[in-house]
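Look at the two complexes coming up: chain A is in both, with chain B in one and chain C in the other.
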Partner chain A sequence: MNWRHGQDRLWLAAFWGAGLLILLILGSILSCLLIKGGPALSLDFLTTGPKGTPLGISGGILPCLKGTISLMAIALTAAAFPGIVTAVYLVEFGEHSRLKNIINLTVQCMAGIPSIVTGLFGYALFVVYSGFGISLLAGGLSLGIMVFPVIVVTARDALLGVNPLYRLTGLSLGVSRRYLLVRVILPQALPGILSGLLLAAGYAAGATAPIMVTAAAISAGSSGNLFTPVMALPYHLYILFSQHISLENAYGTALVLVLLLLLLNTTALWLRRIKEKGA
Partner chain B sequence: MIRKNRPLREPFGVFCLVIAVGATLTLLAVVLFMLRESLPVWQAYGLSAIIAGTDWSPLTDPPRIGLAPMICSTLWVALGALVLSVPLGFCGAIFLAEFAPAGLAAILRPVLHILTGIPSVVYGFLGAAVLVKFFEVTFDLASGESLFCASLVLTVMVLPYIVVTGEAALRAVPPEYRQAALALGVSKQYMTIKVLLPLAKKGLLGAFILAFGRATGETMAVLMLAGNTLILPSSWFSRGEPLSALIALELGTASAGSTHYQALFAAGLVLLVFVLSINLLLHFSGNHTGVRRREG
Partner chain C sequence: MALYVKNFSAGFAGHQILKTVTLRFKKNQINVIVGPSGCGKTTLLKSINRTAEMEKGFSFSGEIRLGKENVYANQDPSVIRRKIGLVFQTPVALPLSIKENVLFGPRYFGCRDKPKLATVAEHCLQRAGLWAEVKDKLDLPARTLSGGQKQRLAIARALAAEPEVLLLDEPCSSLDPASTKLIEALLLDLAGQLTIVLVTHNLFQANRVAHEVIFLMDGQVIESGSRDQMFSHPEQAETKAFFSGLL
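Take a look at the complex of A and B:
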C-alpha cells in the first residue's frame, strides 16, 4: 500500500514539475527578450535606418520594418484568394468525393514542408526560371506558397463552424448556392477567415529561411521596387548576430519582431473570440 | 443530405474546383522541381553514393557530394530534441488535462499559444546569445555550439506543439472511462497512467510524429546553433551541419545549373521525402484514431 502511495506522489510531482518547468521556460524566454531588448527600443530605433560601418552597428530598423510588411502584403495578396476559394470548395462543393480527400491530404502535407524547401522551390521557380532575381517579388511569392495551407485550413474551419441551419433555411427558400455563400455564409465566417489571414501574416513575417535565399539583402534602400532585394526584420536579426555587428540592436530587433507577431496573433485570437460569442 | 443536389452543375462550383485543384498542384510542383533540378547528380553519382558518401566538396574537381554527415546531423538534432521534449511535453499535457488548477491552466494555455508564434530565428538568436555563452563560460570551451545546443533549443520550440496536441488527445478520451476508474477507487495518477494513456495512445503518437516533422525541417535555430562543421558527427556533443542549414548557407553561392546547385536540390529532396513520409504516417495513424474513437 505504501509503495503505491509513494508511486502516486512521485507521478504527481512529475506532472506538476513538468507543468511548472514549462511555465518557467516560457516565462524566462519572454522576460529575457523584454529585459535585454527593452533598452534598445525607442522611437528613433523604429523610424531611422541602420547606420555605421558595418551597417547596423547603430541606427534603427525602418527599412527592415517596411520590407517585412511588404513581403507580408505580397504573400497575403498571392495566397489569400486561392486559399479561401479552395476552402470554399472543400466545404461547400466537395461532397464526399475522393478529390476532396486528396486536396485535404495535400494541404496537410504542404503545411509540413520545411520552410527551407519552400525557399529552395521559390529560388528555382521565381529567382532562376522566372528571372525575377533575388527580389521582393520572389520572396513574397515564396512566402505565399508557405502560408497557403494555413489560410486553407483556417478558412475551412471557419466555414465549417457556420451554423448548418443557415444553409438549410437558405436552400429551402430556393436561393442559389452562390447567393447563399456570398450573402449568408461568408459574412458569418468572416471573422474566422480574417483571423486565419492574420495568423498567416504572422507566419510570413517571422519566416527567415525562405527569404534568406529568395529576397533578403544585408542592405537595401526602401524604394518599394518589386524587383530589387529588400531588408527584412528576421534576416536583419540573423545578420546582426551572426556577423557580430551589434548584440544590443539584435535584441531590439528581436523584440520588435516578437511584438509585431504578438500583435497579429492576439488580434487573430480576439477575432475568433468575437465570433464564438456571436454564435 | 444537403450535399446531394449536384453542386458542380453551377459554374461557380466549377470555378472553385479549378482554383482548388490548381493550388493543390503546387505541392506536386515542389516535389517535381526538387526532382528535376537534382536529377543530373542522382544519375551521375547514384543514390547510395550520395546518401552514404561522407565527403562534401562540391567545388573541387571532380566534385564530391556525400550527404551522410548532414543526414546524420539532422537525425541527431531531431531525435535528441524528441528525447528531451517528449517526456516533458507529455507530462505537461497530462498536467494541463488532468491536474492543473483552472487558474494556472488559464495562464499556461495562452503562454503556449504565444510561444508557437515566436519565429525560429528569435529562438536561434536567444539560444546562441544565452545558451552557447553559458556553455562556453561554464565548461570553458572555445566554442559552445554543438548538436546538443541545437537539440535543446528545438526542445523548447516543439514543446508547445506536443503539449497542445497531447492535451487534446487526452481530453478526447470519453469521460465514462474516468468515472468508471475513479468509481473503482484507484487514485487519479493511477487512472491517468493505466487507463487514459493507453486510450490516448494514437493521439499521443500523432503529437510525437508532428514534433519530429517540425524538428527535422527546422532551419534557422539549427543554423545558428549546430556549429556548421562538415564532418560526420561522432556524438551528440560534437558540431555538425544539418541538411536545412547546408541549403540555407550554400544556396546563395551556388551558380544555377552547376553541380553544387544540383547537389543542394538533392539535399532538399532528401529532406522533403523524409518530412513528407512522416506527414503521411501521421495522416494514416490519425485516420485510425478517428475510427476507433467513433466506435468507442
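Take a look at the complex of A and C:
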C-alpha cells in the first residue's frame, strides 16, 4: 500500500518536473529575447526600414515584417483550399476507398520532407520552370507546399473530432453527405480548421530554408510586387546574425518574430477552446 | 406501409450477426422487437433503413421490402432512409436550433417557403408531443433540451421527413420514467398513421405498447405473434424463459 502511494507520488513529481522544465525552457528563451532584443524594440523599429552600411546595422524591420506577412498570406491562400478539401475527402467521402490510404501516405511523406528540400523543389518549379524568378510568389508557393500537410492533418483531426452521431443521425434522415457537411459537420469543425490554418501560418512565418532559395533578399523594398524578391523576418535575422551586422537588431527581429508566432498560436489555442465549449 | 424481411442475413467483416431472418412488420401497428443484448436488434434496424452499410465490412444477403419496393434495389440509399426513419438509442440533437433540427430534412427535400416551413415545424413538434414545451424557444440551440425532450425532438425530426415507417432503437433506455411514459403515449398516438418498429429491452414497455411482438435471439427470430399470444401463450421454450426473466 505504502509502496503504491510512494510510486504515485514519484510519477506525480515526474509530471510536474516535466511541466516545469518546459516552462523553464520557454521562459528562458523569452526572457533572453526580451533582455537582449527588448532595447532594440521601438515603434521606429517596427515602422522603418533597415539603414546603414552594412544594411541593418541601424534602422528597423518594416519591409521584413511586411514580407513575412505577405509570404504567409500567399502560402495560406494557396494551401488552405486544397488542404481542407483533401481532409474533407479523407474523412467524409473516402471511407472505404483505396485512394484514402494513398493520400494519407502521401501527406505523411510530404510532412517528412526537410524544408530545405521543399525549397529546392520550389526553386526548380516556381523560380526556374515557371519563370517567377526569386520572388514573393515563388517563396509563398513553396511555403504553401510546406504547410499543405499541416493543414490536411489539422483539418482532418478537426473533422474526425465532430461527434460521429451527427453523421449517423443526419444521414439516416435521407439527406446527402454534402448537405450534412455544409450544415453540420463543417460548422462544427470550423474552429479546429481555423486553428490549424493559424498553426500553418506560424510554421510558414518561421521557416527560413524554403525562402532562402526562392524569395528572400538581403535588401528589397516593400512594393508588394509578386514577382520581386522580398525581405522576411527569419532571413533578415539570419543575415544580421551570421554576418555579424548587429546582434542587438538580430535579437530585436527574433523577438518580433516570436511575438508574431505567439500571437498566432494563442489565437489557435483560443479557437480550439471555443470548440470544446460549444455544442 | 407493411415491411417484409425475407431470408435476410447480415454481418460485419464475415462475422454473421443476423441469420436468415424472416419477418413481417404489420402496417400502422407497433411492432416490438425484444431480445437479449447483442442479439442483433440494432443491426436489424440499421439494415432496414440502410444505415448499416455506412459501417465498415457490412454485408448482407436476402431481401427487405417496403410494400412492393425492394429496399436495397436503389443504388442511392438516401431515398429509402427518408421513407424509413430511424431514432437512435442515444438522443442526438444536431448542433442547430430546435426548429432547424426539425426542418433539417424538409429544407433538404426542397421546401423553401417560410410559412410552410413554420407550419411543418409546428405540426411535427405537435405530433412528437413537444410543441407545448418548446413553442417559445424554437430558436434556442437544441442542446439546451433535456434528454427526454431531445428524444422527442429526434422523433419530430424523423417525422418531418414524412416516413412511412419509423424505427426506434431502445429510445427510452436513457430516459426517466416520466419521459418514457410520454414517448409511449406518443407512439400509441402515431400508430395508425405509420408503421412503427420499436426495439426495447424493457418487457413491461413491450407489454404496454406492443401490438405485435417479435422475439429475437442470437440473430434469429425465435417466435413472433400478437402481444397477448406472446405474453400469455408463448410456444417456444426460449421465449418462455426470456419472458419469465430467466434468460
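Everything that follows uses one rule, which is that the second predicted complex is superposed on the first by the 251 of 279 C-alpha atoms of A that agree within 3 Å, B and C clash if a C-alpha of one lies under 4 Å from a C-alpha of the other, contacts with A are read in each partner's own complex, and residues count from 1 in each chain.
In this text, a contact is a pair of C-beta atoms (placed from the backbone, for glycine too) under 8 Å apart; a residue touches a chain by one contact, two chains touch by 3 or more.
The structure displayed is predicted, hence computed values, not measured ones.
K.L.:
Once the structures are superposed on A, label A:183 by its partner contacts, choosing first (chain B), second (chain C), both or neither.
P.N.:
A:183 contacts chain C only, not chain B.
K.L.:
In the overlaid three-chain picture, which partner chain does A:60 touch, first (chain B) or second (chain C), both, or neither?
P.N.:
So A:60 meets neither chain B nor chain C here.
K.L.:
Quick one: classify A:169 as touching chain B (first), chain C (second), both or neither.
P.N.:
So A:169 only meets chain C here.
K.L.:
Which of the two partners, first being chain B and second being chain C, lies in contact with A:139: first, second, both, or neither?
P.N.:
After superposing on A, A:139 lies clear of both chain B and chain C.
K.L.:
With both structures fitted on chain A, tell me whether chain B or chain C touches more of chain A's residues.
P.N.:
B
K.L.:
When the two structures are overlaid on chain A, which partner does A:229 contact: first (chain B), second (chain C), both, or neither?
P.N.:
Neither: A:229 stays clear of chain B and chain C.
K.L.:
Determine, under the contact definition given at the top, whether A:15 touches first (chain B), second (chain C), both, or neither.
P.N.:
first
K.L.:
Taking the superposition as given, does A:37 touch the first partner, chain B, the second, chain C, both, or neither?
P.N.:
It touches nothing on chain B or chain C.
K.L.:
Which partner does A:196 contact after superposing on A: first (chain B), second (chain C), both, neither?
P.N.:
A:196 contacts neither chain B nor chain C.
K.L.:
Shared contact residues on chain A for chain B and chain C?
P.N.:
After superposing on chain A, chain A residues 95-96, 167-168, 171, 176 contact both chain B and chain C.
K.L.:
Which residues, counting only chain B, touch chain A once they are in their complex?
P.N.:
The contact residues of chain B facing chain A are 2-3, 5, 7-8, 10, 12-13, 15-17, 19-24, 26-30, 33-34, 37, 87-89, 91-92, 94-96, 98-100, 104, 107-108, 111-115, 117-122, 124-126, 128-130, 156, 159, 163, 187, 189-190, 192-193, 213, 216-220, 224, 244, 247-248, 251-252, 256, 264-265, 268, 271-272, 275-276, 278-280, 283.
K.L.:
Quick one: which bits of chain A touch chain B in the complex? Just the residue numbers, please.
P.N.:
Per the touch definition, chain A meets chain B at residues 4, 7-8, 11-12, 14-19, 21-23, 25-27, 29-30, 32-33, 81-83, 85-86, 88-90, 92-93, 95-96, 99, 102-103, 105-110, 112-121, 123-125, 128, 145, 148, 152, 164, 167-168, 171, 176-178, 181, 202, 205-209, 212-213, 234-235, 237-238, 241-242, 247, 250-251, 254, 257-258, 261-262, 264-265, 269.
K.L.:
Spell out the residues on chain C that touch chain A in their complex, using ranges where they run on.
P.N.:
49, 51, 54, 56, 78-83, 85-86, 88, 90, 92-96, 104-105, 108-109, 141, 143, 154, 157-158, 161
K.L.:
Spell out the residues on chain A that touch chain C in their complex, using ranges where they run on.
P.N.:
Those in contact with chain C are residues 95-96, 163, 165-176, 179, 183-184, 187-188, 278-279.
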